Amino acid sequence: MIREHLPVLQVVLSLVAAPLCLLLTRAVWAWLLAFIVSVAALLISIVLLREVYTGEVISYAIGGWAAPWGIEYRVDAVNAFILIIVTAISVVALMFAKTSVAQEVAGDKQGLFYTAWLLCLTGLLGIAVTGDAFNLFVFLEISSLSSYVLIGLGQDRRALTASFQYLVMGTIGATFILIGIGLLYMVTGTLNMMDLAARLAVLGDSRTVQTALAFLTVGIGLKLALFPLHLWLPNAYTYAPSAVTVFMAATATKVAVYMLLRFLFQVFDASFTFGAMPLGGFLAVLAAVGILSTSTVSIFQDNVKRMLAYSSVAQVGYMVLGISLVSSAGLTAALLHLFNHALMKGTLFLALGCVAYRLGSVRLGAIAGLGQRMPWTMAAFLVGALSLIGIPLTAGFVSKWYLILAAVERGWWPLVVVIVAGSLLAIIYVWRVVEMAYLRPPPEKLSVTEAPLSLLLPTWLLAGANVYFGIDTQFSVGMARQAAALLIGSSG
Amino acid sequence: MDLLGLYNYWIVILLMMMGFYVVIASGHLVKKLIGLNLFQASVFILYISMGTVDGGAAPILRSGVGVFSNPLPHVLILTAIVVGVATTALGLALVVRIKEAYGSVEEEDIHRQDDSL
Amino acid sequence: MKDNVVLRVVTKIIVPVILVFSLYVQFHGDYGPGGGFQAGVIFAAGFILYALVFGVEAIDRVFSAATLRIMTALGLLLFAGVGFWSLIGGERYLDYDALAQEPLVGQHLGIFLVELGVGITVAAVMITVFVAFAGRTPD
Amino acid sequence: MLTLILLVLLVSMALALLRAVKGPTVYDRILAANAFSTKTVLLITALGFLVGEAEYYIDIALMYTLVGFIATVAVLKVSEFGNLGQSGAVRSTPAEQSHK
């Protein structure tokens, strides 16, 4: 009986846990609740994944109101994949958060911290599960508002300005999405995404639909940190508490990519978005410029967290590049990179969180000699970094390989050059850290020890996943391929 | 081309551009939030005017009235208004904290202080 | 501001009226225009007016920070609880039909409880926001 | 007739707005804003009778009166004391002195 209600439980569980968390005054209890709920959400998403793995689609009508009128929760191969990523990262990041947050956030605010965390999780899961365009906006705002709070809790006062900047940009983005949804509703009179797709296919091209597409693309682009709209991201990631950076970097942009996919390929027809409207070339150019420029910028960063934040923008570029190829192979590569990027950036930010826990700073100069002092942490960082560059036997290699294959298949050779150049730039900026950590002698008076086990465990969990999914690609590639087939197939 | 017939869109566009301009051009953080509010308000008007039906009554069920305005956009925008209030409250709270941390709410001052760090 | 006789007397007269009006909007909500959001805001407005005149500490006597926190959570839990109630009743999440024998009674009960939850949360949050801003002492 | 009332109200609202923008002192502006909100209440009510759904519009008008009143009190308090929270005794501010 409970199986049938899983799609809604996926979202509602964390939504109910949030007010409960508010009532718990002790930080430990709040953490425990958040952790248990995250684990439960992970289990639910695994069950959901197993059910949709065969290509089935689960539809759930909230309140018993049938699909085109009521709010429908809809789970298929694409969002089951996203759900797994979001919940798994939440579990790992929360494992890490207990020790890290206790140090970085004031004691009386920790209960509220986990409340905001649960709300953010609710929002991200809700975006993935819902099949209703307006519901998507509501969940987007839930996740955004709570992430502004989480980022604003950073120690540095610049966290406040970063959060404010994100708030302004994020609200503009969300409002753009709202306008887009409104215009679509104006044309079709429905908000259900499947129904929208069906009616838009009949109605065909009109100026309102074109405007809606433009607003939605720009709005999601802001949330996605697509190249010229990424200005909020580096500061937000740099000054947020370590655990939040892990969570945001590995999930928030991924969910935005999911929204982009859902709208470009399912709500609108791919033949409209990439045929009648020249979005493919547009996205490809933006992504390519983004990869090259932000990778270059990250070479010159002094703060390692900021460097990785810029690199995140570049990685988003790879995903968008895959999307812009508009082929089954391209989408597979984009989804695969989405999964792998969550793993590698998760590992890297977790390792940096360990460093920040011990040193209180993640400046490049402070890392000198850490390879000897914190061998496990830096080794995890190295694994993540190798994956980021795309060395064989790591997860990063797999997705880059698929991306290159997809670009070759379409015959877009300049893109292949861009992808390879991006990897080379990644080598440069990662090398700066590695050189600092392993080849420089540690300062005499530096007396740091290895990070505690509670921090190392989640870090190595993700580092191990990087290696595992670099070797055994059956799950990740299989899932990505199936999701891509679903997206491409639906737009015929 | 009946330009004035679609006057509601003109209002929406005018408000939207005003709000957007304030968000971009003003360095004062509170003014930025006011601009943001204006920007959101324009979308509220877009939705509400979208639901209008010519000659339709307020969408409350009672006898003797056959034509109603579409209530769905109103309900949707009620949610969006609540979201807008939450955003404004959060934004203002951040401004209060920024004021305490920097002693200023002017963007230029804040950037200047951070560069000197 | 409580030295001001006019303001003090007017406030004392008007605050109960505001609260009654908010209850009217709340309970009228499932038949006519009104509902939890509006009612919650009006309810909070009454207390805000009182706090403006008698000082923000006056709110503390009725709604302490802990009370507000509990109210915020309670309203949301009431909302979600209705959803789980329908789950237990064997229906879809938030399907009010499961709340009573008659579907119509169930629908009424459901929307009433949900609106009540919304009202409590909104009122608590609005007062919290006011206290958070007004109670902050400027340096 | 109602249309005429609406027009008159709109004109007076415009005048109040003009004063709110021009008003040399803070109190002129507050008074103008208060007048504006009162006129809005009247406008809503008149509009209700024009549309023929007065019973709903009056609810809204009541609501607006309350909000207008509270907002005026709040604005006055801020201009007088410079903060919203305190219960304190009357303290004369420079702005007040210049208008006595």
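Chains here go by letter, A, B, C and D, matching the order in which they are written, and residues are numbered from 1 within each.
Following the convention adopted for this analysis, contacts are C-beta pairs under 8 Å (C-beta built on N, C-alpha and C of every residue); 3 or more make two chains touch, one makes a residue touch a chain.
None of these values were measured; they are calculated from a predicted model.
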item	value
Pair with more cross-chain C-beta pairs in contact, given C-D and A-C	C-D
Centre distance in Å when subunit C and subunit D are each reduced to the mean of their C-alpha atoms	26
Subunit A-subunit D separation of Cα centroids, rounded to whole Å	47
Where subunit A and subunit C are represented by their mean Cα positions, the distance between them in whole Å	36
Whole-Å gap separating subunit A and subunit B, where each centre is the average of the chain's CA atoms	28
Junction residues of subunit B, two or more chains touched	58, 60
Subunit C residues counted as touching two or more neighbouring chains	32-33, 133, 136
Overlap residues in subunit D, where contacts from two or more other chains coincide	56
Which pairs of chains touch, using the document's own definition	A-B, A-C, B-C, B-D, C-D
Sites on subunit C touched by subunit A in the complex	69-70, 72-74, 76-77, 80, 83-84, 86-87, 90-97
Residue ranges of subunit C touching subunit D (in the complex, touch as defined)	1-4, 7, 14, 18, 21, 25, 32-34, 38, 42, 45, 48-49, 51-58, 130, 133-138
List of subunit B residues in touch with subunit A within their complex	20, 23, 29, 32-33, 36, 39-40, 43, 46-47, 50, 73, 76, 79-80, 83, 86-87, 90-91, 94-95, 97-98, 101-102, 110, 114
Residue ranges of subunit D in contact with subunit C within the complex	56, 59, 62-63, 66-67, 69-70, 73-74, 77, 80-90
List of subunit A residues in touch with subunit C within their complex	1, 5, 8, 12, 15-16, 18-20, 22-23, 60-64
